[in-house]
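Note that subunit A is present in both complexes that follow, paired respectively with subunit B and with subunit C.
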Partner chain A sequence: MGKDVLTGVHFLSGNHACVEGAIAAGCRFYAGYPITPSNEIAERMSVRLPQVGGIYIQMEDELASMAALVGASWGGAKPMTATSGPGLSLMQENIGLAAMTESPCVVVDVQRGSPSTGLPTLVGQADVMQARWGSHGDYEIIALAPSSPQECFDFMIKAFNLAEIWRVPVIFLSDESVAHLSERVVIPPKEEIKLVTRKRPSVPPEKFLPFKPGSDLVPEMPIAGEGYRVHVTGLTHNEKGYPDLSAKVHNKLVPRLVNKIRKNADKIVEYEELFTEDAEVILVTFGISTRICRDVIKRARAEGLKVGLFRLITIWPFPEKRIMALAQKIKAFVTVEINLGQVAIEMERIVKERCKTFLIPNAGGAVHDPDEVFAEVKQIVSGLVE
Partner chain B sequence: MKTEIIIAGFGGQGVLFLGDLIAYCAMKEGKYVTWVPSYGPESRGGTCNCQVICSDQLIGSPAIVHPDVLIVFNQPSLYKFLPRLKTNGTLLYDSFLIKELPAREDIRVVGVPAFQISKMGNMVMMGAFLAVTKGIKPETVYQTLEEKLTGAKAKFIPVNKDAIEKGIKYISDKSLETSNE
Partner chain C sequence: MRVSALIPKYPEPETYMGHTHYCPGCGHATLHKLLGEVVDELGIRKRVIMIEPVGCSVLALKYLKFDGIQGPHGRAPAIATAVKRLRPESIVITYQGDGDLAAIGTNEIIHAANRGELFTVVFVNNAVYGMTGGQMAPTTLLGQKSTTTPTGRFAEFCGYPLRVCELLNTLDAPVYLERVSLFDVEHILKTRAALKKALLNQIEGRGFSLVEVLSNCPTNWKMTPEESWEFVKNEMTKVFPLGVFRDK
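And then the complex of A and B:
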């Protein structure tokens, strides 16, 4: 057997770091269908999983891949797949199934230029909304966005832990630039990596109700073949797991699926702030764009401009509370993202009249030019003074 | 201290490996590094390039607008990237494959007939890069080759090393010539 945690210093691409993060997090099942720019994940998984006693399957398509994840999850595995925007579109039906059946799993989406086939080998960040509600119906997922190979490793562990705790699909919103960027990655000793596994049944099979939630709104999860009756369906189901097609049951189940994330958002939300204490203007960003904004902030501060950075680590759930608090004391938020305003529209919704909101968009194909972003930020700052 | 390098050429010339090797070696010498490849959907024949940053400080944007060093292996890449090279920057180009050199007086130009000297033209250029910039120790590169090329690939270590040494020698011979003039 090979080692599951490759403790040490490595020179890894974002995609390869994702694989090592997943394996360190306990992922032992991968089902996927190749697509650029996520292929290095499938390639490395196909080598690494057999070394650690895991299962790697190349499926016939993305629909089947996602279905396999739901099955593997109920078989007790921590499953994952990796794809890009077009593949994520094809996975949506079964992402909805995973949300409805509360199957923990991780879906890596290495975003590329889109819509449709778009720019297969070039960067995009336009799957933000697809990640949230790409499948039909009301449901909530968790989405994380890394900005470096090191974060690909660290956040993959976070992603699996969150999937296990909240029993939702976690969408890992990487992007082509982070995926193909190689940097130093430090993998810590195995005993320093904190892992979480799903809540298991606390009562014997005859007393067990598979969809009866705990105080955190998450039910305990049995594993198929252990003696517990497991009926898993995409139909509206009661606490026994059986279909119950009534408004009453539906109005209990669906709000719970949504509320287990919304009401627990404080425990899930993560963000990073830089120079926000005295900032008048704050750049809001995520993923690879974080790094461009870091350069911009450095330059702005050197010129005495009070510009700060608010970087989303979890995009969903959105850090609404913190943004509202910041909006009270600053003049403007400027969203920098490689799409035409998907996070920006969420910012407008939350900020309302508390302060101004701006967007520096980019349809994709390349990251923002720091010079141009800096020029625009300067212009916004000077416009606010008048 | 921050050095930004763009390396460009045809797919198959070892452009990406050269960048990867520079970044890895700089990392081993304690630098922060980023390596970003860029290529089209084709596996061979298209143009490709990669961007390497080596720095003493944490690196923000890994994208390079104006490089300090430009290494090119074909004519289209030279046309594409030369205007972006910083004033007082260094151009390393394959003088065997590139015949037309657009005039720029504000840069240092070093021609190396890399693919004429060896089939491993990219490694000859690695040697030239080491000799010209003196940013990385050759010993680190040889050590890295031994770590990277293991198992069935181990047999390629001597040819790579040989090509690097030829690149270093070409530059030292050349500078000897110029100093004699």
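And then the complex of A and C:
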């Protein structure tokens, strides 16, 4: 049996770091389908999972891959898959099933230029809204965005823990640049990695209601076939898990699925701030674009411009409260993202008239040019002074 | 007499434009050229609408002077169905690889064939996902190494190579199913004849035709082109026997 946590210092690509993060987090099931630029994840998984007693399956397509994750979740595993935008689109039906059946799982989406087949080998960040709204109906997921191979490792552990705690699909919004960037990755000793597993039934089978929520709105989760009568369905279901196709039950179930994330957002949301204490203008960004913005901020500060950085770690749920608080005291937010304004539209929705909002868009294929971003930021700052 | 007069004059290809991006020794370029020649010979270039797949041949229409639509991965037969039904005077061809047709697109090909759609399928089977860098395909041979079966394909975990001609041969509707290869001149000429027959079937309104072409992938198989054609000839044809499965 191979080691599950490769403690030590490594030189890894973002994709390979995702694999090590997942295995360290306890992932023992992978089902996926080849797609650029996520392939290195499947390839490394096909070697690593058998070493640690896990199951690796190459499925016939993404529909089957995502459906297998729901099955694996109820089979007791911490499952994951990896794909890119077009594959994430195909997975949406079963992401909805995972949300409705509260099946913990992690979906890595290595974003590329889109829509459609787009730019298979080049960077994009335009799956932000697909991650949030991709399947039909009202539901909530959690989405995380790494900006380096080290974060790919660290955030994968976070992703599995969040999936297990809140019993939702967690979308890991990596991108082609982070995925193919190779950097130093430090993997800590196994005992320093804090892992969480789903709540297990606390009462005997005859008293157990599989979809009766606790105070955190999350129910306890049995494994199919271990003695608890388990019935899992995408139909509207009661606390026993059986279909109850009434407006009354529907209006209890769907709001709970949504509220377990919305009402607990404070416990889930994570972000990073840089120079926001005295900032007049704050750059809002995530993923690979964070690194461009860090450089821009360094230059701005060197020129005495009061520019700060607000970097999303969880994109969903969105850090609304903190953004509203910052909006009260600054002049403007500038969103920098490799799409045509998906986070920016969320910023406008939250900020409203509290301060100004700007967007520095990029349709994809390459990261922003820091010179151009800096020039635009300077222009925005000078415009605000006048 | 001038020497140049002795050199036979070949007609300028109308369809095939050459200069492909494919790896050295890849069968795609040969197959594109054959398809171009056959279309020229039948004089149907302006009537052809080709549906490209996702995979190495996603760029096929850069080299073949046809109208065309690039479909999502595996969905070419669904697009072809609609195009042919709306424009029955056109000659509709799908050009698909084994990942595209035999994994993600299995559903579409079986149902298009079962409906007896009047288009022609050129199915390239090289036992690997080429474009994404050499992962196991549904057609990968047992024991064959790929980036997702680094110790070889084992039936226990990955099942067996999928035989598309044999599978479609269980359906009533298809009129022509043949498996050919490109590993030597004789077989290249047989492939050419099969493509012509499949297109004639469509021109004459007979029904659904599919030509499966056993091809190579020297890059992902980690072989020289010569070795790769030997592999096609000696190993692939054992699992995927050449021949006509349906001709009615």
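The rule is short, and it goes like this: the second predicted complex is superposed on the first by the 386 of 386 C-alpha atoms of A that agree within 3 Å, B and C clash if a C-alpha of one lies under 4 Å from a C-alpha of the other, contacts with A are read in each partner's own complex, and residues count from 1 in each chain.
Please note the rule applied: a residue touches a chain if its C-beta (ideal position, glycine included) is under 8 Å from a C-beta of that chain, and two chains touch if they have at least 3 such contacts.
On a predicted model such as this, the values are computed, not experimentally measured, just so you know.
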Notebook entry, point to check: Put the two structures on top of each other at subunit A: do subunit B and subunit C fit, or clash?
Noted result: fit
Notebook entry, point to check: Can A:Ser177 be said to touch subunit B (first), subunit C (second), both, or neither?
Noted result: first
Next item on the list: For A:Phe310, select first, second, both or neither according to whether it touches subunit B, subunit C, the two together, or no partner.
Entry: neither
Notebook entry, point to check: Which of the two partners, first being subunit B and second being subunit C, lies in contact with A:Tyr139: first, second, both, or neither?
Noted result: neither
Margin query: With both complexes overlaid on chain A, does A:Glu60 touch subunit B (first), subunit C (second), both or neither?
Written below: second
Check: Which holds for A:Phe29: it touches subunit B only (first), subunit C only (second), both, or neither?
Finding: neither
Notebook entry, point to check: For A:Phe208, is the partner it touches subunit B (first), subunit C (second), both, or none of the two (neither)?
Noted result: neither
Margin query: Once chain A of both complexes is superposed, is A:Ile292 in touch with subunit B (first), subunit C (second), both, or neither?
Written below: first
Next item on the list: Answer with first, second, both or neither: which of subunit B and subunit C does A:Ala42 touch in the superposed model?
Entry: second
Margin query: With both complexes overlaid on chain A, does A:Pro370 touch subunit B (first), subunit C (second), both or neither?
Written below: first
Notebook entry, point to check: In the superposed model, how near does subunit B get to subunit C, counting Cα atoms only, in Å?
Noted result: 6
Check: Overlap of the subunit B and subunit C footprints on subunit A, residue-wise?
Finding: 36, 120
Notebook entry, point to check: Mind pulling up the subunit C residues that touch subunit A in the complex?
Noted result: 54, 58, 70, 72-74, 99, 103-104, 106, 129, 131-133, 135-136, 138, 147-150, 157-158
Check: Can you list the subunit B residues touching subunit A in their complex?
Finding: 20, 23-24, 27, 32-41, 59-63, 65
Checklist line | In the complex with subunit B, residue positions of subunit A that touch it | finding: 11, 36, 120-121, 177, 180-184, 291-292, 294-295, 298, 366-367, 369-371
Next item on the list: Can you check the complex and tell me which residues of subunit A touch subunit C?
Entry: 33-36, 39, 42-43, 46-47, 56-58, 60-62, 86, 116-117, 120
